[in-house]
Each structure stands twice: as C-alpha cells, then as structure tokens.
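There are structures below to look over.
In the two assemblies presented below, subunit A is common to both, partnered first by subunit B and then by subunit C.
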Partner chain A sequence: MSIGTFAGPVRSHRRALHSGGVRWAPYVFLAPFVVLFLVFLVAPIVTALYTSLFSVERSGLGFGNANESVFVGFDNYVRAFSDSGFISSFGRVLLFGIVQVPVMLTLAIVLALLFDSATVRWKRFFQLSVFIPYAVPAVVATLLWGFLYQPRVSPIVELLQTLGVQADFLAPGTVLWAIANVSIWSVTGVNMIIIFAALQTVPRDVYEAARIDGAGEFRMALRIKLPMVLPAVFLTTLFSIIGTLQLFNEPMTLRSITSNVTGDFTPNMAVFSATTLGGDINLGSAMAIMLGLVTFALSIVVSVASNRRKGGSR
Partner chain B sequence: MARTTRRRLGTMLAVATAPALLLAACGSDESSNDDSASDNSGTAADDGPVTISFWGWVPGLEEAVAQWNDENPDIRVDFFRMTGDDGDRIPAAIDNGTAPDVVQMSVHSLPGHIVNNRLTDLTEIAGDWEDRFTPSSWGSVVFDGTLYAIPQDSGPSGLMYRTDIFDEHGIDVPETWDDYIEAGRALKDADPDLTIAQFSPNETGFWIQSVWQNGGTWNGIDGDAWTVNVADQESLEVAEIWQTLLDEELVTVVEMWTPEFWAEVNNGTIATIHYAAWFPVLLEESAESTAGNWAVAPSPTFDGTDTAGDTGGSVNVIPTGTEHVEQAAAFIEWLNTSDDGLEHLINGGIFPSAVAGLEHEALMREEEFFGGQVINEVFAEAALKVPATWVDGPTFELTQNALKDEFAQVANGRKTFAEALEDLRERSVADLTGMGLSVRE
Partner chain C sequence: MSRLNTSSEVAAGTSRSADGRQVLSGSRRPRVHAEGERPSVRARLLGWIFMIAVALYFLAPVYWLIVASTKSTGDLFSTPGFWFADFNLWQNLVDLTQRDNGIFWRWMLNSLIYSGLGSALMTFISVISGYALAMYRFRGRGVVLAAVIGSMLVPQTVLAQPTYTLLVNIGLNNTMLGVLLPSLVYPFGVMLGFIYAQTSVPPELLEAARMDGASEWRAFFSIALKLLSPGSVTILLFAFIGSWNNFMLPLLVLSDQRLQPVTVGLSGWSQAAITVPGLQTLVIIGALVSIIPIIVVFVSLQRYWRSGLAAGGLKV
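Moving on to the complex of A and B:
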C-alpha cells in the first residue's frame, strides 16, 4: 500500500535524472540483497543438494581408507525415508502446528483487536508486555519454562498439587504441549504487532461510518477490522507454519531436562543428530532438503488457500 | 562428562537459529579430506624456533603454556582456550587444513575422527610411552594396534555416600553390588523418602562406567570389522542390577544436572552417587548445604572381581596436516607426563591419566567437603583397577544419544533395561553399516 503511494514521486524524480545515466542505480541498490541471497541462501541449498547425492565410501574398520565421496543418486533420500524416527518427527511437528498455530493466532488477533479498540488503558505498557517474550532468546525462554515444568522445583506443579491436581508437564504425552506453550508465549507478541500494524492502516472514516450506522465495538471488530487485516493474518499463518516445521531450539533445550524429548523429536533435530552427532553430512543434507521441500509445499498450500479466500471475499 | 553437558548446551545455542547455517556448514564436507599435510601453512620446520598452536579447555592451561614457553624458546606454544561449541569447529578445521597442532578432545570422539583420516598416527613417536599411563586410559587410545592420541585425564569411579544417613540408620557402606541393592532396601525400609541413588536417563556416564567396570564395552574390533557389544553379557549384568533398583523403587528417577536433581541432593533424599573422579568438585559446587556429610568409598564390586569403572576422559591429539609433529609431541609429553605439567593439570581440577600423576602430591589434598578425607586416594587406587576393555566406536555419539532415548522409555516403564539394550544394539548396527563400515555380529 505504501509502495503505491510512493511510486509517483519516485518516477518523476527518476525522469529528472534520466539524462545523467543512472540506469545502473537500481542494480547497485539491489546488489547487497542479491549477493547475500546468493551466498547465504542459494549457495547453501545448491551445496546441500549436491552433497545429498554423494556418500563417503568406506570399508572394513574405516581406518586408512581414502574416504572418497562417490555419487549414490537418491540413496541418502531412501535412507532418510526408511528412518522411522525422522518420518515420525514430521507427524509430530504437524500435530504441534495444528494445535499451536490456531491457538497462538487467535490469541494474537484478540490482543491486537483489544489494543486497537479505544477502551484499553495503558495500551503501550500492555503491548510491550505482550511483545517482550519475543525478545527473550528461545533457549533462555525454554530454560525458564523448564524450571517451571520440573515437578520437584516448580511452584506451578506445587500449586496444582495443593489443589489436588497431579500435573506432569514433561511426561511423554504432554511434553509436546509443554513446548507449544513456550512457543506460544514467545511468538504471540510479534504476531500481535504485525496484525496491530495492519489495523492501523484501516482508514478511520470506515469506523466512523460504521459507528453512524450503529455498529458497536464488538461488531466492528468482527465485521470490519478482521476482514480488513485478513492478509496480515494469512501472512502470520504462513510464517507460523514455517516456524513450526523448523522447530529446534525449544525441544533441544528441553532435552537437557527430560529425555522424553527424543534425539529426533523434530525434523531439524534429526538433521542435527545425523550431521553433528553422526558425522554423516550426506544423509543430513538429504534430510534437510526433504524438510525444505515439505516446508515449501505447505507454504504454497497456504498461499493458494489465502489467495482463493481473498478472491472469494471480493 | 560434565564438560560434555556444558558443551552440549553451547552447541544448542550455536546451532539454534539457522538451518541455513547448518546447510552452510555442510559445505565443508568430506570431499576436502585430502591429507592436506603439504598445503598446511606454518614456518619452515628445519631450523630456528617454531610455533605450534594448542586448543584445550583445562583451567589453568595458560600457566602451563607460559612455563613451557619460558623453558623452551625453540618451540613456542600458542594457546587457545576452547569454550562453548569450539569443539564442533575441529572437524571442519582439520578437513580444511586450518587445524591447530595439538587439540584436546574427548576420548570417545577418537574413532569418529580416525575414520575421517583426521588424526596423526603417533605409534612411532609415542608408542613406547605405554607404561607411563594407566592401562585403561592407554587401552582406549590404541585402535587396531595404532596409537592415535595421548591420554590426558580420566574418570575412575568411586562411591560418594552420605555418612550421616548411613550412620543414622546403622547401614554398612556396600562393598559389592549385591550389598548395594540390600543397602537400598534397608534405606527405603528406614525411611520411605530415601533412595540409594538416582536414575538419570540423560546421563550416560553412569551406564558407561558400570559396563566398563564389569569388563565390558560398547564396541570392539574383530579383524577388519567392528563389533557392537552394547547388549553383551557384561551390559546385561549391569542391566539386571539397575532393573532391580528401578522395579523396587530404590532409586529416584530424575534427570541429571537439572535444578530438580540438585534439589534432591540438597534435600538428602539421595544417599549415594557412584560416579567419576571429576564429579566431587561439581558436587561441592552445587550441594553446599551437605558439606561435611560425604565420604568416598571404592566402587562396589561385581562378585569377586576387584575392579573399578571409568567414564572416560580427554586426550591430546595431533591433527593430520600438522607440520611440526615432533615438536607437538614433545609438548604433549611434557604436559601429560612431566612433574610440572601434571601439577598444572591437577591444579586445573582434572584427574590425570598418567601413572606419575596418580602419586602426585598436588592430587592428594584433604577435602573439607568430604570431612577432611583425601578422596583422591580412593580414585587413584581405582584408576589402576579399571579393566582395559573399553573400545569406542565411530558412532559413539549416536549410540550415546540413542541410549538416552532408550533409557527414557525404561524410566517410563515401557521397556526393560534388557529390551532397551537390544533395541540399542540394532540401532547401533544400523548406524555403523549406514556409514559403510563392516559389522561382525
């Protein structure tokens, strides 16, 4: 939206300078992005793709071998596919996402709408409070929450116990939701900010018109504000789904507190295990590419769904 | 092992955010494994002083290096203190020919580096140093007759126990593992809140030391093939002891190093901690409230065999590609076997692998936390009683990681120890064959 309003002046400005020969200017401005994009995104992906098609040839004890990399086609992908731990880690993060993303986004939307309505006092303070967890590194956040999860030292568990509830946040069946809780706590704030920012761009006269027509705050939020910020909601959905698949920090940190988080709890942890612990960069690359493809596919599904929604509502 | 734990955290922090970085790291792959001896930079080895670089983590190594540099103007050592995840930089550094000349690393990571041609064969230079080290520490640096590292420190086991608790209930300190189970029952009878030990699925050192004490190992070398021994008789006997302790609820199930664990220790609900020589200093740090109530006894024994366990420690290696192998070896020899070098290491808080270190006066200090006992007398005696049976395999870290997952299932009651070990064996065989190595079953 802001780009549209900007386009006019920029164009006229360029026309004025055109005779000075600044055709290369856009490329210069683009260069930093393109270089970083190529070096830190495209090159690693190409390297991983290449590495994933090779395997180090060893025999016997593996001592004194030449350790040459040989082309093995899709062998590493077959190995990754037949690794039940790796495959089930996808199921785990999908389950995680199905629950965590809607809960987190609902929270973010409700908070954003609350902050946008005129009735909230100390708006800045509360906004900052909701946002601050995002500034806490995931590892630190998990360590903090981990302290609250451990049965013998947690005030929460103790409180629940006095109420007669036996809670074990780190049991095999609950630990996934313990992680979801940490990530909801961490990222709700930033999603709230994105949606809140989108709300600020809604022209105020729309509200005035609604008010004159007799709409209350609640009705305005539901019928006007929410549809207007739907693109922002879709954007945050997309980011959240990608974040879910990339889940790593929280479970990895929680693993130091409970072994119920297995070494291949999430796809990224399985990649870490294969490369850093197992020293098998080829297998790890294949796994990383597979994860990338799944993420890509899901992103497309979400984008297509959101575009269709947008088209339909018009 | 404590170090490993800290390093693990560092690793997590480092790898934390970036799958892209992970992929970038993949770029420095095996393809650069070309014994880059010739293209490694460095000054000419012929005449004049040479400079070697040394990466290590023992506290106080700065002073050791300073003394060496004073006394040896011809071989200057540059020291770099490894912290956090610096250890993870080693493989890439060696593969790209930018590695230091001397590196401290965990003994368990040796085979993983050997199969990638990252370590210099030291047999000719140091093969005859064998008598200077404990048999068990030497046994774990020789693979298939070739010496790849010099032992630095080890973790012989001892039984740390609460004297006040044992006295109060009139229970004798156990001398065998059968006694240990009996003592566990007696403690539980005396006070249902008391357990004789803790079971921590996340801390594999407990398991390793007991299997080692029983003359077992995780891997072995049979001709030109690896063997997977994680579910052998020696391990199954340890499994039986732990199964009894767990089934009769004589142990507290709690993950090690967590606030929860230290709360249990400070509350006095755990009566013994059977662990390595490097553990007492950590116990003292985190369980101040129990000062004066601890003592160390020799490890309980498996019937009739007077052995002790070990968690394994660290070693010094010379990466391939180093130009000044002899000079590097001279420094390693001084640091790990000379009186001065050992004193620096001991003052840094580690338990030396050299026999001379076991008798070193710096080691034999009275510990106030342990009621004035010279606890290292017990550990020094243990160090010489550790069987030289342990062989690490190239998949040690994967096996260790898998053991944690398996033992978590044991703690949840979904598997027995014996079942967990059998599943571990299958995973281990698959990991080794996945690397293209031969496995003899």
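Moving on to the complex of A and C:
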C-alpha cells in the first residue's frame, strides 16, 4: 500500500503492461475446474438421463452386435416405480433417518455445549475421542462393528449373555438399527465439531451479560447458546438428511456377515444391484436419477424451512 | 480461540476457589456468581460420568480392534474380546503381507494414490478456482458461482452410477484414472476456497504486487497461496477423508483386484471370510493397518480441524 504511493509515477505504465494478464488470468485459473466439472459432473448426469430412456433388447441367441439399444421413453422409470423393493428402500432409509438424525444431532449438540461450558475437564482428550471415528472409513467402521455384533466373536454379546440378555444385533428387525449405530458412531464427531466451532464464534460478552443476570450454565446453554448456533444446526441437519438418503457403504459392507441385509436394502444399493447383478444399466440410471431428484427436493425443503426459521427469529 | 479458552479457564479457576471459600465459611453470598461460572459439584459429577460413557462408546471399538489384531484366529474366538491373549501381532502382519503376493500393500498404495494424490490435486484446483472467483470480476463469474452452489447439493454417491455409465462409454472403466479423475470435482472445496480467499487475501496486497511488476501467476503462487495455506490444509484434510471413504464408485468401476483401494479390498476379504478360515484375522489386522495413516494425520493436524475452520467438515 505504501508501495502504491512510491510506485505512483510508473503505475499506469505497469498496469497497461499487465492488463492482458488480469483479463485472462481468471479463465486460466478456473479452466481445470470447469473442464473437470463439465466432464465428471455434467456429462455423467446427461449420460444417465440419456441412458435411462433406452433399453437393451437381447435378440435371439445374440453374440456381439445382437444387443440393440431401443428408445423406450419413460419405461425404465415406470419399472423402477413398480419395483416394490426399490420403493420400500426409500421407506427404510426414511425410517432410518427419522431415528438416526435426531439421535445423532442431539448427541452432537449436547457434546458441543458441554465442550463449550466449564462443566467438562480434559476437553482435548474427549473431543479427540469423539472425533476419531470420523477418520475411520465407513467400510472399516462397519467391519469393526460387524465383529462386535457377531455372537461368536463379540465381547458385547457375551457380556449381555452373562446378564441374561440374548442379543441378536443382526436379526431382520434389528439390523437397520445396527447400521444406524455404526453411522452415529462415525459422524457424531464431525457434527459436534461444526456446532462447537459455531459456538466459539459467539462473542463472550453475551454470556457475561447473562451471568450477571444470574443465568446458570444449563439455562444459558438452552436459551442463549443453542439459538445462536441454529444456522449451524440446520446445516448439519441438511447434510445428515442427504447422507441418510445416500446410505450405501455400511449396509453394503454388512452384507458380508448377514443375509438380513437385502440387495436393495437402500435406494443406492438398489441402483448398484440393478446396474451390476441385474446387468441393467438403463434401469440403474433411471433409479439413480430418481434418487437424485428425491435428494434434491428434500434438500430444498430443508433449506426453505431453515431460511424461514432464521428469518422468523431475527 | 485459544485465548478465549484460557480466559474461561482462568475464570473457572477463580470461581472454584470461591466455591471452596463458600464451603469453609458456610456463607451463601457468592452462590449466584459461582453458579454462573462454575457448575455445582453434582453437575460436574454428572458431566464426568456422561463424558466417560461417551468416550467408552467412541473408543471401545478401536480398542477392541487393537486387541483383536494381536490374536491368532483360535484366540479370537476363544478368549475374552476386550483383553489380550498370546501376542500374535507380528505373525498376523507377516500373514497379511504374504497373502496373495502382498495384495494388501498394493491396495494401500492404491488408496494412497487415489486419496493422497487425488486430494492434493483437488485441493489445488479448489483453491485456485476459489481464488479466481473471489479476486477477479469477469464475464461468466456468476454462472460458475451458481453452478458451484447448485452442485453442492448433488451428493457424490448419487453421481457414482452415472459416472460409471459415462466411464463405460468413454472406455475408462476398470482403470485407475476412472476413479481418480471424478474425485477431483469437489464443488464444496471450491466454495471453501472462495470463502477463504475472500477473508484472507486483501485485494490491496495483490494490487501492490501487480505494481511491483508481478504477473498474475506469480501473485497467486508467491503471495496468495501462502495466505491461503491454513484454509488449504483444512480442505485437504476433509478431501482426504472423503476420498479414503469413497466406496461405491470404485466398487462399480474396478473389477481388477490389483487396482482396488483398501476399503474395497478389505470388504472383499470380509465376504470371502465366510468360506476361507483365517481370513477374518487378516480383515482385522488389515483394518487396523489401514486406519493408522489417517489417525496419524488427524492427530497431527488437530489445530486445523479444531479451529473455526472446521466449516470444511460440512461435506458428509
């Protein structure tokens, strides 16, 4: 800035020299992203849309070129709609989300508030222990919990047995909650950190004022801190709901130890098995697009609700 | 942030001594004051119990993994899960290394390429794009920004099947590039790069660099990149976790075992373990070995994810 005043006389000259660079630089800087965005985000969506409108007809004993792509309009979408397994998988993840998201977020909020208060000591250790599971990939987390669910290996099942409880975490009725547990274990930490970071940005004098007014830690957390971090809470809610609809890694991995997770347990698994085992990439594309649309619609609903809420509270 | 922490701890310290005085003198005078700054003994006790339960829940599976990694297949099924038996860790590591001509280490190397190289490239692309969007006014800027924000709501897993369909069409199916290249598109990273550039690169500084005759390229590399490095580390960290976690796309794309990342490889072993005895032990030791690098990165980069920059964790 002081350089600016010193360089005053030459300024216009230098500027002219580099104005070409200034004009082109942003395009050069953005080029890799824009190219990759077009090729690996826009093109796949277009390809899937296109593929979903076709069907492969297998003619006769066909080898080689005998398979023909035929335009079938919305047939694949109709087939996906009438696939009861695919439709009920949406119901399953919805049920999953209704339980998992509130439980996980409540735990994350309570932890964030505790870490922000004077109630807890050893904050660094406890924060790290809550956050560490986030570093464990979902597949490995599921393998890990899978061992803890299996009667022959699990010390937990053993412990429950000595207490007289016959626990079967992998039964048809409980396996969904076994998956919910893995996912709570994995993502609570990162949500806690986001809410905690939001709490840290609240000016401390707000609390001082409340303290002088005689508010206790608990009331302060509920009445002052929580409303101030509501935007962060809504954001984590939004991303959790998207994550729930996308559920794939955990149930897919759990299939290796239990047959109670079906091939179309979640929408994404239905997409996967239609594409691979079913060998029907066209139907798979239609399903993927339907899942994308549902996700998008739900995100919009949550964003609108969140914006309205924010507008109301201010 | 750390300064605020210290001051609140100092405040807690003083109020504790106030608490002590209160007990000694039996006076109720400082009560309201003390309650505000330091919770009651009962609240603290409940807090401790709750935190210990929470830590047990989150750490016990990891502890179990460490214990189980030291056991032979026989001991895994016959000895108490939460306590050590005969120390068999080295033998397990040797078995892991020898299985299928060391395929496990090949998987680790693949994961390192997909996640390490992939997230480094992706971070660079995100930062330079965010910087361009924040620092320049040019035609098309609005379109790019709108595309970035709009695509943030398209989750990666929903793109896996369409990406696979595309890769089949362009002949990149069952190749390393087929997994690596799609992972470089990360609109959320660009958004973060944009926010970081807006908040941490003063435009006056760029103007000064230009007047000194620096090219746009040099202004970015020698000035902006330094200012953007804390933000970059945060993007890198979460990008790395995200791609180490990537499962559906490689599962669809990579049929060749030798190209698979460690997550896909291990889940394949887990599936085979039903019929192949002894493979379960390798799944366990493999799981442990595969998470050590990420945990080391996590613990050593604590100050980045702990700080307010944790907004980068929004990718779930």
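A few notes on this one:
What we mean here is this: the second predicted complex is superposed on the first by the 274 of 314 C-alpha atoms of A that agree within 3 Å, B and C clash if a C-alpha of one lies under 4 Å from a C-alpha of the other, contacts with A are read in each partner's own complex, and residues count from 1 in each chain.
As a convention for this text, a contact is a pair of C-beta atoms (placed from the backbone, for glycine too) under 8 Å apart; a residue touches a chain by one contact, two chains touch by 3 or more.
A quick note: this is a predicted structure, and the numbers were derived from the prediction, not measured.
Overlay on subunit A: subunit B and subunit C clash in the combined arrangement.
Look at A:G189: by the touch rule set out above, it reaches subunit C but stays clear of subunit B. When the shared chain is aligned, no partner comes close enough to touch A:V72: not subunit B, not subunit C.
In the superposition on chain A, contact of A:N260 is made with subunit B only, not with subunit C.
Set against each other, subunit B and subunit C differ in how many residues of subunit A they touch, and the higher count belongs to C.
By the touch criterion defined above, A:T275 reaches both subunit B and subunit C.
By the touch criterion defined above, A:A286 lies against neither subunit B nor subunit C after alignment on the C-alpha atoms of chain A.
Once the two complexes are overlaid on the shared chain, A:S55 sits against subunit B while remaining clear of subunit C. After overlaying the two complexes on the shared chain, residue contacts for A:L113 are found with neither subunit B nor subunit C.
In the superposed pair of complexes, A:L36 makes contact with subunit C only, with no contact to subunit B.
Looking at the shared chain after the overlay, A:G243 reaches subunit C, while subunit B stays out of its contact range. For the superposition on chain A, the stretches of subunit B under consideration are 43-51, 61-69 or 79-87; the one running into subunit C is 79-87.
Residues 40-41, 43-45, 47-48, 51, 137-139, 146-147, 152-153, 246, 248-249, 252-253, 255-257, 268, 271-272, 275-276, 281, 284-285, 288, 291 of subunit A lie at the contact with subunit B in one complex and at the contact with subunit C in the other. On the subunit C side of its complex with subunit A, the touching residues are 1, 4, 7-9, 11-12, 32-33, 35-39, 43-44, 47-48, 50-51, 54-55, 57-59, 61-62, 64-65, 68, 76-77, 80-82, 125-126, 128-129, 131-133, 135-136, 138, 141, 144, 147, 151, 153-155, 157-166, 168-169, 181-182, 184-185, 187, 190, 204, 207-208, 210-213, 215-217, 220, 241, 244-245, 247-248, 251-252, 263-264, 266-267, 270-271, 273-274, 280, 283-284, 287, 290-291, 294-295, 297-299, 302, 305-311, 313-316.
Of all residues in subunit A, those touching subunit B in their complex are 40-41, 43-45, 47-48, 51, 54-65, 67, 69, 79, 137-139, 146-147, 150-153, 171-172, 246, 248-249, 252-253, 255-260, 262-263, 268, 271-273, 275-285, 288, 291.
Within the complex formed with subunit C, the subunit A residues making contact are 1, 3-4, 7, 10-11, 14-15, 17-18, 21-23, 25-27, 29-30, 32-34, 36-37, 39-41, 43-45, 47-48, 51, 107, 111, 114, 117-122, 125-141, 143-148, 152-156, 158, 185, 187-191, 193-194, 196-197, 200-201, 204, 210-212, 214-218, 220, 235-236, 239-240, 242-243, 245-246, 248-249, 252-253, 255-257, 268, 271-272, 275-276, 281, 284-285, 287-289, 291-292, 295-296, 299. Chain contact summary for the complex, subunit B toward subunit A: residues 5, 8-9, 11-13, 15-17, 19-20, 22-27, 29-31, 33, 88, 91, 112, 114-117, 143-144, 146, 201-202, 221, 224-226, 254-255, 257-260, 263-264, 394-395, 397-398, 401-402, 404-405, 407-408, 411-412, 431, 434-438.
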